[in-house]
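For clarity, chains are labelled A, B and C in written order, and residue numbers in each chain start from 1.
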Amino acid sequence: MKEIINLPVKNVEEEEYHINMGPQHPSTHGVLRLVVSLQGEIVKSLKPHCGYIHRGIEKMCEKDTYPQIIHLTDRMDYLSAHINNHAVCMLVENALEVEVPERVKYIRTIVDELNRIASHQLWWCSFGMDMGGLTCFFYGLRDREKILDIFEESFGSRLLHSYYTPGGLMMDIHPDFQKNVKAFIKYFRKKIKDYDELLTGNIIMQLRTKGVGILSKEDAISYGVTGPSGRASGFACDVRKHHPYGVYDKVVFNEVMGTAGDTFERYMMRMHEMHESMKIIEQLIDNIPPGDYTTKMKAVLKLPAGEYFQRVEAARGELGVYVISDGNKSPYRMKFRSPNFSNLSVLDHVSRGCKIADLVAIGGSLDYVIPDIDR
Amino acid sequence: MNFSIYDFTSFTQWIDKLLYDNLPAFWAVVVEMTIIGLLVLLFYALIGLFLVYAERKVCAFMQNRVGPNRVGPFGFFQTIADLLKLLMKELVYIKNADSLLFNIAPFIVIIASFMAIAAIPFAKGLHAIDFDIGVLYVIAVSSLGVVGILLAGWSSNNKYSLIGAMRSGAQIVSYELSVGLSLVTIIILAGTMQFSAMVEGQANGWFIFKGHIPAFIAFIVFLIASTAETNRGPFDLAEAESELTAGFHTEYSGIKFAFFFLAEYMNMFILASIAATVFLGGWMPFHVGGWEGFNHIMDFIPPFVWYIGKTFFIIWIMMWFKWTFPRLRIDQLLTLEWKYLLPINLVNILIMAFIVLMGWHF
Amino acid sequence: MNSFFEYFADIFRAVKSLLTGMKVTGRYFFSPWEIVTQQYPENRKTLKMYDRFKGEVIMPHNEHNEHRCTGCGICETACPNGSIEIIQAKIDMPDGKKKRIIDKHIYRLGMCTFCGLCIKSCPSDALAWGQEFEHAVFDRSKLNKTLNQPGSSIIKDIVE
């Protein structure tokens, strides 16, 4: 009896209301589980639980040869498949000290940027949908389809291409590639105005995103938030600008930077990046040099023993590939530093004190792809 | 005995007389009520099914899609197929749910919208009851639906449902004010609360034109507030699918879910028809004072067509809202009501009263 | 007084932005010729996949039922997930020697990730991409295919 009386009386105000967002939930973009403590509508804290789509890609890489690893990296961040491939290919080429032809570099840069636009288009769709504007979803997908058609014509598939190989490309670009890309850019310049009219300028969207989920520059750096989300906070982290690869040193483009670090700034970063990507493609598309689409590589690629690291700017941030080789045809250890994992880690920090509807908007603006978090 | 599609008064009176001549008074009333109940039920089901189809087609066209196109010509029977599917689905029993409230909630929602239909005049002489306080009755009855939503959210024993129900409660309590006050603006202009008298009063010009700017503002406010009251469009916080999966009806399945679904569309229809009746002249054709020839041509179109046309136009605008705007947050929703709509509405009523006093309206 | 004007300016800005959004959806509503939906089962006759489309791995045969596969097994080792299995057979050559030839080239479509390494690594260009994409079957075992047709043989001029 005494024990019962002496039980600590919980203040109703302090009591937390837990809800499980996910693993199956419309706004988590996949099988991510967020355990959210609420007080009324306000988020007190949040715990992400990863691992629902863990496939052990890093472990699988340890039994595969280097050309075989390429098709596994497609399946991490499937929305920037080409860029993931690029990281592994460059790592192998740098380790073997192979110089790839200039044509390959041009094509890789163009295709990377096309992939970035496609990824941002899909992000725009899902962000609009998270905000409750379902029409955005169809406009974004409609335009993304044009890029996917270009991809399908040249590389044979729409999402998981495995187009790059260590030393070059799987096959040359389709003869119509340049014409179609130019037509697409003309088309998309027109259609991106719809995006701005429908969502960017909308008062409801601006009220819901401005000043919500603010991430300071210091926090962005200490959490390792990269990509458009990091740059929105003023963290200059564009690998393309600071450690150029491909032919990024030959093109003129701005590293889009923001200051506010709120959800709206993160949104605007991606909108600007689509314009920048189109600028990059326009500078390159007419100047693809003739030449081979691949270099002659050995039948079995063996990296000299040692450690290697290569990073690229994926659509969502910095993707790092780290390999320890013991001189065999497959790596001893392979580690991917995926941008989404770091970006997810900041979700608890930025969403505290927000409403539950803001949490969805913040999640949309961080743009996480779950298979890349779990790998 | 002459039937006319322009005036149903003689037709309904003929039936009334026939029943009273052949039956005792009590049974005549019972038979009349049964006939009206069945007719309204049929109308309710047909309109509900058609609106679901219309919504899907409208949103598809706004999104560069074709929409339902498999069942029947242009997918016209798609909703009937959906209804059959929902009828045959299992009603999932929820453990630890308050089963009485859980089962009763969909019926409360549907009865509320069912009752509101009774007072709406579809054409001249074609309404179930012509209350002299029709506007008040409709407002009172249509706001009953929130009780069903609250009960559904509470009894489902689901956290998402509860949040959705609470949001819905806050939303409807506040937006009920705007709906009421914007109608009060027109009541001042019309000088009556009886729907039939209101429609008659618009014979020489619809209230939205007669009342100058205040009537137009009242119309806009009514549109916004009624969209909010039906839990639709940018105000669908109660079922915000990206946050709360499906809000208050997360746990409902089969025909009980269909009831909620149908009630949403019927509420939309009812509020649109109130807007059409009060602001756009109901079944009254479009008349311009002085243009006799033009007015005569307009009179050839049957009143029922006028009524349906106006109602569907307003429904289309509501759908347009829904498929364009992102969803508001709960605090912004309340800000919109208490900081913008309510003050504007109150000032608007003052202006309207002043105009009517000075006799500046047409 | 300033805040009073600010209040109305807010309302006008908000209404303007909302109308801009409605203009976009309204325009698409009244321009049905911009619909992009493809009506798939109906357009099946005219639907043409791109030449490079990766539908499935096939082994092209010529009109004499001959293919180019020598059964060397390089595709089997190149495949990252074991979708290909080569079953070899030994035949007696006219000069008395025994020669390995292909008996069955088993391709498991259900495990294939369409990376294209088998086709790229094949020394005699025996494999190619097929444009077939309607792969749905009722039984998983139907996805295991034998690529060389029964009774087929190797084209004479292929040298190992």
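Following the convention adopted for this analysis, a residue touches a chain if its C-beta (ideal position, glycine included) is under 8 Å from a C-beta of that chain, and two chains touch if they have at least 3 such contacts.
Here the structure is a predicted model, which means the values were calculated and not measured.
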Message: Using only alpha carbons, which chain's centroid is the nearest to the whole structure's centroid?
response: A
- request: State the pair with the higher C-beta contact count; candidates are B-C and A-B.
  value: A-B
Message: Need the most distant chain from chain C, centre defined as the mean of C-alpha atoms.
response: B
Query: Measuring from the mean C-alpha position of chain A to the mean C-alpha position of chain C, what distance in angstrom results?
result: 25
Statement: Cα centroid separation, chain B vs chain C, in Å, comes to 51
Statement: Per the C-alpha centroid definition, the whole-Å distance linking chain A and chain B comes out as 45
Message: Give me the residue numbers in chain B that touch at least two other chains, ranges are fine.
response: 62-65, 323-325
- prompt: Among the residues of chain C, which ones contact at least 2 other chains?
  reply: 18, 21, 24-25, 36
Task: Enumerate the residues of chain A that touch no fewer than two other chains.
output: 135, 142, 198-199, 202, 204
Field: Residues on chain B engaged by chain C in the complex (per definition of touch)
entry: 58, 61-66, 69, 320-321, 323-325, 340
Residues on chain A engaged by chain C in the complex (per definition of touch): 64, 67-68, 70-72, 135, 142, 145, 152-157, 160, 162, 165, 170-171, 174, 194, 197-199, 201-204, 206
Residue ranges of chain C touching chain B (in the complex, touch as defined): 11, 18, 21-22, 24-26, 28-29, 32, 34-37, 39
Message: Can you tell me which positions in chain C touch chain A when the two form their complex?
response: 13-14, 17-18, 20-21, 23-25, 36, 50, 52-54, 78, 80, 113-117, 120, 129
Task: Note which residues of chain A are touching chain B in the complex, please.
output: 17-19, 25-27, 41, 128-139, 142, 198-199, 202, 204-205, 207-208, 355-360
